[in-house]
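Following this line, the structures themselves.
Paired with chain B in one complex and with chain C in the other, chain A is shared by the two complexes that follow.
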Partner chain A sequence: MSVEIPKTLEDFPNSSPRFVGRGVDRVEDPHLVTGRTEFIDNVVLPGMLHAAILRSPVAHARITGIDVSEAEKLPGVFAIVTGEDAKRWSFPPPTAPEEWGTHCMATDKVRYVGEPVAAVAAVDRYVAEDAIELIAVDYEPLEVVADPAKAMEPGSPLVIEEKGTNVMLQRVFNWGEVDEAFRDADRVFTEKFRWNRLGANPLETFGVIAQWDPVAGSLTLRASVQSATHFGLGRAAVFGLPSNKVRVIGHPHGGSFGGKGGTRGTDVTALLTRKAGGRPVKWIEDRAEYLTGGGSQSWDRHYEVSLAVKDDGRVTGLDVKLLDDMGATGECFGAINTVKPLAAFTGPYTIPVARYDLTIVATNKLPQSPYRGMGPPPHFCALEQMMDIAARDLEIDPAEMRRKNFIPKDAFPYTIASGNEYDSGDYEAVLDGALELSDYPELRERQARARAEGRCVGIGVVSAIEPGVFDWNAYAIVGVQGIGVPEGATVSIDILGKISIRVGFALEGQGQYTLATQLVADYFNVGFEDITVVPLDTFSAPPAFGPGGSRLGVALTGAVLGACEKLRAKLVRVAAGLFQMDPEQVDLVDGNLVAKGVPGVEMSMPQVVGTMLARSDLLPPDIDPRPEATYVWTAAGRTEADEEGRAKSYLTAAQAVHVVMVEVDPETGLVEILEYCVVDDCGTRLNPATVEGQTEGSIAQGIGAALLEEYVYDDQGQILTSSYMDYLLPTINEVPATKKGIVVTPSPFTPLGAKGCGEGAMHTTPAAILSAINDALVPLGARATEVPASPNRLWNLIRGAKERTAGE
Partner chain B sequence: MTTQKKAISLSVNGISYEASIEPRMTLADLLRGELVLTGTHVGCEHGVCGACTVLLDGRAVRACLMLAVQADGASLTTVEGLETDGELHPIQQAFIEEHGLQCGFCTPGFLLTVHELLENSPDPSDDEVRDALGGQICRCTGYQAILRSVRLAATRLRDAQAAASSQGS
Partner chain C sequence: MKPARFEYAAPDSLAEAISLLEQHADDDVKILAGGQSLVPLLNMRMARPEFLIDLNRIAELQYIREEAGWLAIGAMTRKRAVEESELVRQRQPALLAATQLVGHPQIRNRGTVGGSMAHADPAAEYPALALLLGVELRVAGPGGERRIPAADFFHGYLATALEPTDVLTEVRIPVLDPGTGWSFLEVARRHGDFAMGGAGATVRLDASGKLSEVRIALFGVGAAALRLHDVERELVGEQPGEALFQDAGARASQGLEDPLSDVHASAEYRRNLARVLTVRVLEEAVGRAGGAGGREEGSR
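Right, the complex of A and B next:
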């Protein structure tokens, strides 16, 4: 049965929808504001033990001995595991690139500070922490490699000896005649950029309760996990278990942003429950563990970027060389961060040809994890600086430089050089909106006045793309297989007409349960109070991936509306049978089953449902009698990646223009944001209030990236930022109020025309702030090329520029 | 390494409790583990993020940095104590209406900090709000919706106060 998913709200069987497209209150919030949401650390199981993990204090060393005898004697200790148990009961995890993984606890040597070495399960966390203090580990130091360039040199210490190299991946992708474009260019600009490690830092760390069933040989995991299905399959591979022996129960989680992590800790906890004979074991990652050994770190990049430009400002070629320091292994799929830029390599521009010279290297640092945006934000930060460098040289206004190169609105769907297809957009309208909203001419006048007073004030005008609705095919070149990411929903009506929506993902914070409720309420013309959203575990949920890759809003809309359509068709058939009519003569209208053109012949939904539940003798013989339907949505038309990695991958392309004004204090290097304007187009806004929340939140994370956040390692691989005193998150005092405007070009490819918007401004904000800083620094003759542009970096830049000037 | 337990008594959200605990137990662990008041969340365990903020004799404190024994004899309010007979506190209601939360993990700490602020300063300027909330980290919202929530809550509370005093006069 083919299912026609409504393309617009007008296709709903409801003459007066009340919820979709409105900023309604979220159904999640009453539990959250009263402290009642069941986060994983709230859960207590009978007989539950608590885990603590002993982690390596050094970056690279051979383990020559572990003595757990003193710890074993401590009252309250039930189980201790080490690398020997990991070897006995588990395998290295799936990785990207493939086969760059190690066991969940060090088996022969440690490869980064924070790597698990041993773990204890005890009556409570206090005793477990006491016990790991009693474990003695002998380390024989090995030479450390903490620099990716050095890691590539012959004779470098090897992070994983068996690989024979530290180079995880090295490839050059050519999309079109790149050399020719650079040969034919009027001007070529080249610059190096450094993006330092930063990461997700959700306020809740990762947590899990693992329970091994020794009789069934099965594992149950309750966890604050972003994608339960994916997580479960990975754990089945790690423990050599059939996939139907690993059950994952997702719990609401206190943020994720891609960097929830937890796989290693989960695997260690699973070993503990097995060693403890099946007693459930809880492990709650503490913040120091998260910062040094969790899913906390992403994007450790060294860029060299060249732009081929014509004198009229047209950009004719882009050449990006990237060296990314992945850390010790590929277990957290951090390599995906380096290839997602293919989904939007040339940004919002018509740049016809491009090259990507990509090298991913292993070092003695924490393995990289995903983070909001999954890789393009640093890429856009570099690309947008190049656009500014070219504009400045050509004496073109940065806004007009963008306009000259924008993909025109009549060119969609538009295939970019790196292979992905953008669905729709009106980039000039977005730019014009941003220039108007910010009163750009007035900003330039303010800047001129400030400069006349000797102040360093700058304006950034940048644009970027947010690829939405990810597909695995985008990551083919780092060894991720397959096409298609499912999202399923079951919509079920009970005998009193109350509706349940069953989904396969836990609450995360973007308001997805509210979205599902809005859709069903409008489809069946009922109220929020008539609907419950029920998250299910991996043994009972419809096929699902959950949040990730700016997909869930779109995918869930498809799943829920598909299920509604199937359920409508079923109700219509039953009602038609009862009316003794053909199904074509019956329709669902405003929540009632009505005979078309026969006034008065109608049944309410509860009447039809009641008949289905109680009177199977009255139903058409071939109908499934349950008043429910399940639909699984996937993005259509995704293609297999070719040899150069090109594929139709991400389904939607949201676009934004940010206009930012900053002032740099030359005496301190401190940056103050004076104005922040954003206009964006993410298609139809299904709940404008939650979309606005995603925008505001991702601007804050972008500000953190641009100015504050950085994981610092010394040359011995020792992490120097293991608390929030050192790793700086934006507070309310760093995040300014923003002016916001919107443009809406609905996606032609998605249900209701929405585009992925969850990763949002993270793509644009760091670039916008760096552009503004560089505009401010022009009179000083300095250019910032390193992120975060922290006060010490800017102060040094300014001082260097002054010394150069004085020396001339 | 365990030490002799110490008996303490305290009041939380108007209920009296007695507990026998190790001196090293944090106030957060007492509230969450022993008293099963799990609305107090622990985000960083080193006093920076503010998620675990509770009110101790009316003042905001970090439950991760205090030892439970230090709360002996004190009167505490946690997020569970903000409601009255199932009716949300105006601050809670304002956070819902202004979308002042997303994942909600930091929210209890924000609510209690705002509670303290508005008790002391019923009509705070934005700068005052920023100053009061400078020690609370939210990773989801970017704070703008929180600022709007506080403004709404302050207005509602002032209106309720005015209505109550006009009725009383």
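Right, the complex of A and C next:
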């Protein structure tokens, strides 16, 4: 049956919708603020044991012996597992690139600091931690490779010896006549950039309760997991179980941002419950485990970027060379971080040709995980610096440099060089909005006055794209098979007219239950109090992927409205039968089934539902009497990647312009953000308050990336930032109040015209701050090309520039 | 992140605490004050005492009072209480300024004045303030009570004059003499972090506007907080001014032995901070004393 999903609010069967498009209070919040949300660590099962994991203290070593006999004697210990158990009961996980994975515990050697070596299940976490101290492991040191360039040299130590190389993937993508563009350019600019390893840091770390059923040979996992269905499929592959023998019950999580991978910890915990004869085992990742061995690290990049530019400021070619240090394995799909930039390679610009020379290398570090933005933020940080370098050389204002190269608003849908299609946009309107909101001319005057006083004040004006609504086809080139990204919802009405929305994902913080409630309330003209959202496990939920890739707002809108449409059609047919009319003569209007043009002939929804449940003999013969409907939404028009990796991958392209003013203290290198202004266009805002919250949080993470956050490893692969004393997250003191403005160009491709916006400002903020810093450094003759732009780094640059000047 | 097994006692009085310390003289004992450093160390099993004596129930160790030119502060007084004390605001503004640089309000709600002194973290504000102002530390032990000047109390990296059976009971801070200019500044990655470098200064001027008394302390740059006696001596008797301050900064920087180096700041960078901060605290302190070459309050 074909379903026509409403394209606008006017298509709703409701003459006065009250909720969609408004910043309504979130249905999730009362539980959160009263401490009643059922996070995984609150869950206690009968007979439950607690796990602790012994992790490698060294980056690369052969394990020549493990003695668990002392640990076994400790009272309260129930099970101990090592690499031998992992070999007996599990396989390496699915990875990207394929076959770059290892077992969940070291079986022959350790490959990074923090890698699980053994684990204990005991009566409580204290005893479990006491027990792992009693396990003796003999390590025979191996030469460490912690530098990706050295890892590529012949004779380098190999992280996974069987692969014969540390190069996970090396490929050059050519989109158009790139060499020609550079040959014909008036000017060519080249610069190197370093984006240091950082990553997701949710308030809640990962947690899981695993329970093995030795009779059925099945595994139940309760976990703070982001995508339960895919997580379950992955675990089935790891344990060699049929996919219908792994049940995943998702729990609300205290943030994810990509860091809720938790696969190794889950697999270790699953081995423990099996070894403990099926007693449930809980493992709550502690913060040290998260920072050194969890889903915490992403994007460890070395860039060399060239831009071909005409004298009038038009950019005619982009050449990006990237070396990404993936860490020891490809188990957390970190490599897809390097491929997502294909969805927006040339940013908001009309750059006609581009090249991507991509190398992914294994080293003795923690494997990379996803992080908010999934890869483009470093790419845009580099691209936007190149735009500034060109603008400065051409003596063009950075805002005008962007304007000259923007995709014009009448060119959409627009296919970029790397193959993706942007849905819609009005980039000049966004730029003009940002320049007006920030009072850009006044900012430049303030800067001039500050410079006259000898202060280092700079302004950044940058723009970037947020690809939204991801599809796995984007990742075909790193070997991620097309497994689909469906989102389903079931909407049902009970005999009293109360409505349930059943979904297949757990709360993550983006207010998606509120969105579902807004949509259904407006569709059926009921109140929030009439609706409940019910998250289901993987054995009962409709097909679902859940949050990820800035998709769920759009996908859930499609799923919920599709289910509403199907349910409406069913109610109309039932009512028509009862009215003895054709279905075409009956409609749902403001929550009632009415006969068109026959005043007084109508039924309420509870009356119709009551008839369906009480008198199915009165229904049309082919009607399913359940007063509910399920719809599964997928993005239309996605294509397979061609031989150059080009595909219609992400469905939407949101765009933003950030204007930032900073002051650099030249004596200390400290950066202070003086002004922060954002204007963005993510299409229709289904809940503007939620969008604003996403923007605020994403700006904070962007500030962290630009100024603070960095996982530091030494040349022996030891992590030097294993606590929050050294891995620095921005606090409220580091995040300024922002001015915000909006532009709305609805997407022609999505239900109600919304675009993905969950990852948001992270795409733009690091670039904006680095641009502002570089603008501030111009009078000193220094240029920052590395983030985080820490005080020490900036001071080094300023001192170096001074010494050069003095030497001239 | 669960601590190893330990015994625990929470005495209600100082006498009881001292008696417990004597009874457990042969054990590895730690005293728990606000717990802002010790509890993480316990959880990471980097500290593994056999016996933990928790002072948090000892009400007699929580007070702030003025005693003839001194502020007497009970060792278990929370930093938040110092921050909110009208007495502190009026009598020793440098203490207030230093306190506000310690962590965040949540940390200051728990962290104690005595705990910071006894822990002697090289990047902490309080030991540097103690050296700068000439603080006295009152200590109770099995042999009775004694008073230790700050200059003798701090023995280097996380080390003090406290014996295993001692309890730090009171921190005595001289009130600020009228006419004394002061400054206390630090450079940290984020507000509330341990400083990559910090400095404090107090100055007095004579009738002709020359420096008659100068004290400078640095912290966060080396293994322990330190006074810059040599630099101070060179400044006394001089007319304050930018060139003089720059000169002092250069000497502070050159005189620094073995500056710390870590992921946030290299030794070279810390040497630079020693110079920059020495200049800035002198400017600000002289400004507050009403002298020439000074900088207005809050202009940094």
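As a convention for this text, the second predicted complex is superposed on the first by the 806 of 808 C-alpha atoms of A that agree within 3 Å, B and C clash if a C-alpha of one lies under 4 Å from a C-alpha of the other, contacts with A are read in each partner's own complex, and residues count from 1 in each chain.
Just so it is clear, contacts are C-beta pairs under 8 Å (C-beta built on N, C-alpha and C of every residue); 3 or more make two chains touch, one makes a residue touch a chain.
Keep in mind it's a predicted model, so treat the numbers as computed, not measured.
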Which partner, chain B or chain C, touches more chain A residues: B
Partner chain in contact with A:Asp41 - chain B first, chain C second, else both or neither: first
Which of chain B and chain C A:Ala689 touches, first, second, both or neither: first
Chain B versus chain C as contact partner of A:Glu667, first or second or both or neither: second
First, second, both or neither for A:Val712, with chain B first and chain C second: second
Contacts of A:Val33 with chain B and chain C, given as first, second, both or neither: first
Partner chain(s) touched by A:Thr738 [first = chain B, second = chain C, both, neither]: first
First (chain B), second (chain C), both or neither touched by A:Pro791: second
Doubly contacted chain A residues - partners chain C and chain B: 126, 130, 286-288, 723, 725, 731, 733
Footprint of chain C on chain A - complex, ascending: 125-126, 129-130, 133, 286-288, 667-670, 708, 710, 712, 720-721, 723, 725-726, 728, 730-731, 733-734, 790-792, 795-796
Contacting residues of chain A [partner chain B, same complex]: 23, 25-26, 28-37, 39, 41-42, 74, 124, 126-127, 130, 201-205, 253-255, 257, 286-288, 508-511, 689-690, 692-693, 696-701, 723-725, 729, 731-733, 735, 737-738
Complex contacts: residues of chain B adjacent to chain A: 1-2, 22, 24-25, 32-33, 37-46, 48-49, 51, 78-80, 82-83, 88, 92, 95-97, 99, 101-108, 111, 129-130, 133-147
Chain C to chain A touching residues, read off their complex: 1-5, 40, 44-45, 104, 187, 189-194, 196, 262-266, 269, 272-273, 276
